[in-house]
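Look at the two complexes coming up: subunit A is in both, with subunit B in one and subunit C in the other.
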Partner chain A sequence: MIKGERSFVVYVLVPAFFFLVMFYVYPTLFNLVNSFTDLSLFGLKQGGDWIGFANYVELLTSSDFRHVLWNTAFWLTFVSVTVRILLGLLLALLLNSKVLVKYRLTSVSRVLLLVPWATPPIVAIVAWRWLLNPQLGEINRVLLWLGVVDQPIAFLAEAAWVWPALITIMTWNTLPLVTLAFLASLQSLPSDLIEAAEVDGAGKWQRLRYVILPHLKPAIIVMTLMSTFWTFNNFVYVWLTTAAGPGLYTNVMATEVYIKAFIDGRMGYSSAVGIAMASIMVLFGILYLRLIAEREFKEVF
Partner chain B sequence: MAVARAGLAPAFRISTATGFSLPMELALVGLTLVVLFVLVYPTAWIIIASFKSPAAIFSGEFGDFSLQNYVTLFQTGFARNIFNSLYLCIGAVLISTFVSVLAAYGFSRMRFRAKRYIFGSVLLGQCFPWIILVTPLFILFAQLGLLNNHLSMLFVYTAISIPFSIYLLVGYLESVPRELDEAAIIDGCSRFGVIWRIIFPIMLPGVVATATYAFMLCWTEYLFALAFLTKMQLKTMPLGLYAFFGEDTAEWGNIMAASALTTLPTLLLFLPLQTRLASGLAAGAVKQ
Partner chain C sequence: MRIHRQLLIGAAFLALGATGAAAQELTFRYAYENVDEIQASLDAFEAQNPGISVTLERIAFKDARDQFIREAATGGGPDVLHLAFVWIKDLGAAEACLQLNELIEQHGIGEVGFEDFIATDLVYGEDGESIYGIPFATDTWAMVYNTDVMAEASIEQVPQTWDELLEASRKVKANTDKVGFGFAAGASSANTIWFLANFNWWSDGGSLVVDDGQGGYEVGITPEQVASVIEYFDTYLKEGLTTEGSLSLDNWAAPEVLEPMLRGEQFAAILPVFTAVQMFDDWRERNPGQDLPFTTAMTPHGSGQSTTHLGGQSLCVNANTEYPEEAWKLMQWLNSWEFFESYNTAYYPAQQALLAKRPFPEEMQGFRDQFEKGARSWGPYARGPAAIATMWNQTSREFGAAFIGQKTPLEAATDLLAFVEGQL
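This part shows the complex of A and B:
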């Protein structure tokens, strides 16, 4: 190392680390400490009393929390990530097909694909709240006109509809990113590989199964991991669409942290929920990397 | 690669260039058009509806072009929210880009102990649930009297932009040849000189893309603003937009106009950049 290089490394990294430590590391540790107290929103000045693991015991034994956990793990994360990855794959295959080239739809479809992604989530939610609105919404108007229903459906207020509706909104907004990643991967697939398979007599399905999907595997693995993180951690989709309602029917961990801290005022308990949330993600990340993606990630990093 | 049953393919295949029959081709084209319609419709309709007269906003017809929604919106004082968002975001983007260019250069060019792990933990910042930062930062800001304060928001927005910016900039830096640095150093340029005189101009497109992304992140941020800003004159645009949703009613005219104003910059400025960002994100996934 050239003389003075060491201090240069320090100079370039210190500003970034100031922010990372002040706004990520320190709050997380502070959160951990708070999770062992009964700190209240209305008594921040006095501080909270140390109550040991009481918050965690309450959390593990509460049936409300089990409901929140199920919503987060199953609906918010598992179902929506699965739907997004499957639709993203299908859409990437569709947009990459020679049919679109023949009908000159390739460029226009790639530009239009970006529209939902360029739409901020806060606006996407507005658009869909209006589309799904029972009185004014286009979707109910079309359903009534088709005669599929005779009463408008309150998609965001009826238990049977609210999760499918939320997942539709999230999928619409995030599908382009996943699709684009798969498209980029498809475009890096050497065409002679496909041709060789064709010469060997492989049909469409065999080519998909034995050539295209194995080539996409790293992209699928990375996108699944990333979108699991993004979705699990997300607050705005649920909060701004249903405010965790009807009642607390769609309450997820992110909204539970917010509700417990800022509506019920139980900062200590909310911190414990947050710590549980972060622990689940870390555990998931480690398991996922160990079991599925070890090889792929070694290649990437 | 095991491709089963070679030789069973018919000797003469009647096929178009696409490998699909004509009805199948038309079905696929139809499907594409339907999918594109679903993808574009919600956003397009918000922008169209914002220019309809308030009375006609929910009718199926296009109706007359009208700026009434925007006039009403600005009468509510929404300009204040736009201004707050603009200066907070621009300020945060300038700071975070400056800080991230330095750090990215360090990660890309310098060797130091435990670099892999440190860079890995920066990446972890991207996967970090912001919601769990909200409660501790709220307590901290409350104790320091920094709630309802734009300075603390500026720092928060800088902090949330940094991990992603570093990640993207390191990616761009990898495409700038190292020989350039070495040549400049031999010619007597200092390391900082290399960053600002040599590297920065070359990777300017990458810096612009990164800064744009960071801007969009802050421009549409809702959670921190919701927790830390309660005074109307301090609120940012996303908060102002959702303030039009009442308990039972919604001021749809204002909502449409405010939504269109939130979306227009991202649509116009960011469409060209999004493709670049996607390929950057995918690069990690595609590398084999």
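This part shows the complex of A and C:
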């Protein structure tokens, strides 16, 4: 890049940096300062007193926080992202298959795929809460009718069911984006590659293993990382579906920030949880930069 | 030209005059469901006060405090707010609610005056002198029983003790396969467990918060007592004697609790006054001309007497309001007999003089008894440094953790008391 172009790029980026500083860097620093105070929700106007690392010590030694961290890392992020990626992959392969073309179902299935994505999360959650309701829900009605269960299941109240139920709701609502990304990548796969593999005697599994999946690898990496970002931070699904319950069984970091700040009124401690959460996201960010953005950056410059 | 200029000046004065005479615009944020009645009352208020217009805003009750506190901290929020009794002290400390002493002195409030309001101890600030809210409507909780289910299950009289309630629920399940005692055991902010736990502790002589006799506060109950109450309510869940999916319900008035009562599929529920009134009205609407199949009674007791809380709703004026005088006129209207007689008919005013004007109907006998013989103030809970809402949520969470087996009842009880001690 020549010198003039470099200056132009810098000028163009200035407004973006301004907004980034105003609406991201400044609030983050403000939050960081708050995390060293005992600021209370009821004392926002008066401000909090400086208490050093007390909030962080409490956070790191709290068994409740370890439970929250586990819920966030394992259930909310690892399990739900894995399910989404695997199902997305399967659905994309199905949508790209010749079977749907044969029965002229390609357009219909692609339109149907978009329905969950077009549904706002709040609408999806309310609908699913009704579906999963033990007294009035259709899912229980069907299970009882089929004789699969003899008593309705309280999906959102029983420890054994609540995480699978939550992950189902999240997956239903967010799967289409992942599927479409994989489908777009599949459609960019040159057909002569598949044909050449067929000529070489590769079976279905071998074509998938040695041709299709390597082609999809960049899309899988991008979608896995992006899904991880969206999911780890997510507040809406857990809060609106279970309010972090039963008890605090489904409490995750985002809901913990809310509970500590606005229910317990401990803004200082809540800020510390927020900073811990942001620190973990920074690690994901570094990973993302290493795997994706660095390559793109090099390509541009 | 001169005529044109005069016309222009005249038009400008008219415009200025019109601006000067424009109505002062107030916003009233209301947190309950009877919005149509409240809107009608605000229309009547506007007709009586031509210089004031009021916009009604609606919010979910469980969000009302947090939303306001965030707005107030940044200089915003509606002018007049509908809140819970127990939030006022904290909102006063947060400088979110306006100090009302001067307005009360200058203009008065209620039919007889501020002294006639009930539970005024909850609207004073930490200094014990500043008044930050006005009690608006009062309520307490009592038991509602479906008499058809009672007859079907061969239960001849309503349970008097907690143990009798459990036994009666078992009998209902055994004899009718219907729900015994339905309640919401979810862990979020509007559930029933906080109330059930406290009513149980109080009726056994315990209390989560008590005065320590030295001007401070302490926990007045042992972990074992708390654990036994957790186990008691867990029995309903484990034996299927309560609402299906009770742990996912976070509202005492959840349809899952009220509908089975209305349909004759549930024996008992514990409800605040206004929810009971609404439920009875719903039943009458669905079954015109028929006798109401419900009876009400005081809540069960343990070794002591039946005890519930004297609770209710308050009104507060936002400390950021530009129109305190107009907001006060609205406060006066919302505490008038005309308002309760003609508009807010499902609720009982938090004034002795107005309560005397509104007798309890026959089916509300249990509530009347509860008010007269078994309702106590939150007292040390409200006066102490721990916010009631915070203890409420922690109690719900610890009970929830025990209900799903995440903690043993004793662990949950110990954690709860440690938390409350830390707050005190």
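One rule holds for everything that comes next: the second predicted complex is superposed on the first by the 266 of 301 C-alpha atoms of A that agree within 3 Å, B and C clash if a C-alpha of one lies under 4 Å from a C-alpha of the other, contacts with A are read in each partner's own complex, and residues count from 1 in each chain.
Convention: a residue touches a chain if its C-beta (ideal position, glycine included) is under 8 Å from a C-beta of that chain, and two chains touch if they have at least 3 such contacts.
Keep in mind that what you see is a predicted model, and the values were worked out from it rather than measured.
Student: Quick one: on subunit A, after the overlay, do subunit B and subunit C clash, or do they fit? Just give me the call.
Tutor: clash
Student: Applying the touch criterion given at the start, work out whether A:F232 contacts subunit B, subunit C, both or neither, answering first, second, both or neither.
Tutor: first
Student: Would you sort A:S188 into first (subunit B), second (subunit C), both or neither based on which partner it touches?
Tutor: In the superposition, A:S188 touches subunit B alone.
Student: A:L44 contacts which: subunit B (first), subunit C (second), both, neither?
Tutor: Both: A:L44 reaches subunit B and subunit C.
Student: I'd like to know which partner A:L248 touches here: subunit B for first, subunit C for second, both or neither.
Tutor: second
Student: Let me test your reading of the model: by the given contact rule, A:T119 touches which partner, first (subunit B), second (subunit C), both or neither?
Tutor: In the superposition, A:T119 contacts subunit B only.
Student: Have a look and say if subunit B or subunit C is in touch with more residues of subunit A.
Tutor: Per-residue touch count on subunit A favours B.
Student: Touch test for A:F262: subunit B only (first), subunit C only (second), both, or neither?
Tutor: Both partners, subunit B and subunit C.
Student: Does the superposition put A:W205 against subunit B (first), subunit C (second), both, or neither?
Tutor: Neither partner.
Student: Report for A:W130: first if it touches subunit B alone, second if subunit C alone, otherwise both or neither.
Tutor: first
Student: On subunit A, what residues does subunit B touch that subunit C touches as well?
Tutor: 44-45, 136, 262.
Student: Name, in rising order, each residue of subunit A that touches subunit C in their complex.
Tutor: The contact residues of subunit A facing subunit C are 41-46, 133-136, 151-152, 154, 156-159, 242-249, 259, 262-265.
Student: Show which residues of subunit B lie in contact with subunit A when the two form their complex.
Tutor: So the residues of subunit B in touch with subunit A come to 1-9, 16-20, 25, 28-29, 31-32, 35-36, 38-40, 42-46, 58, 60, 96, 98-100, 102-103, 105-106, 110-112, 116, 120, 122, 125-140, 142-143, 155-156, 158-160, 162-163, 166, 185, 191-192, 195, 216, 219-220, 222-223, 227, 238, 241-242, 252, 255-256, 259, 262-263, 266-267, 270-271, 274-275, 278-279, 281-288.
Student: Across the complex, what residues on subunit A touch subunit B?
Tutor: 1-2, 4-6, 8-9, 11-13, 15-17, 19-20, 22-24, 26-28, 30-31, 34, 39, 44-45, 91, 94-95, 97-103, 105, 108-124, 126-128, 130-131, 136, 138, 141, 172, 175-177, 180-181, 184-185, 188, 197, 200-204, 206, 210-211, 214, 218-219, 221-223, 226, 229-230, 232-233, 235-236, 240, 254, 257-258, 261-262, 267, 270-271, 274-275, 277-278, 281, 285, 299-301
Student: Enumerate the contact residues on subunit C facing subunit A in the complex.
Tutor: Residues of subunit C touching subunit A: 66, 69-70, 73, 90-91, 93-95, 186-189, 240, 243-248, 250, 256, 387, 389-390, 393-394, 397-407.
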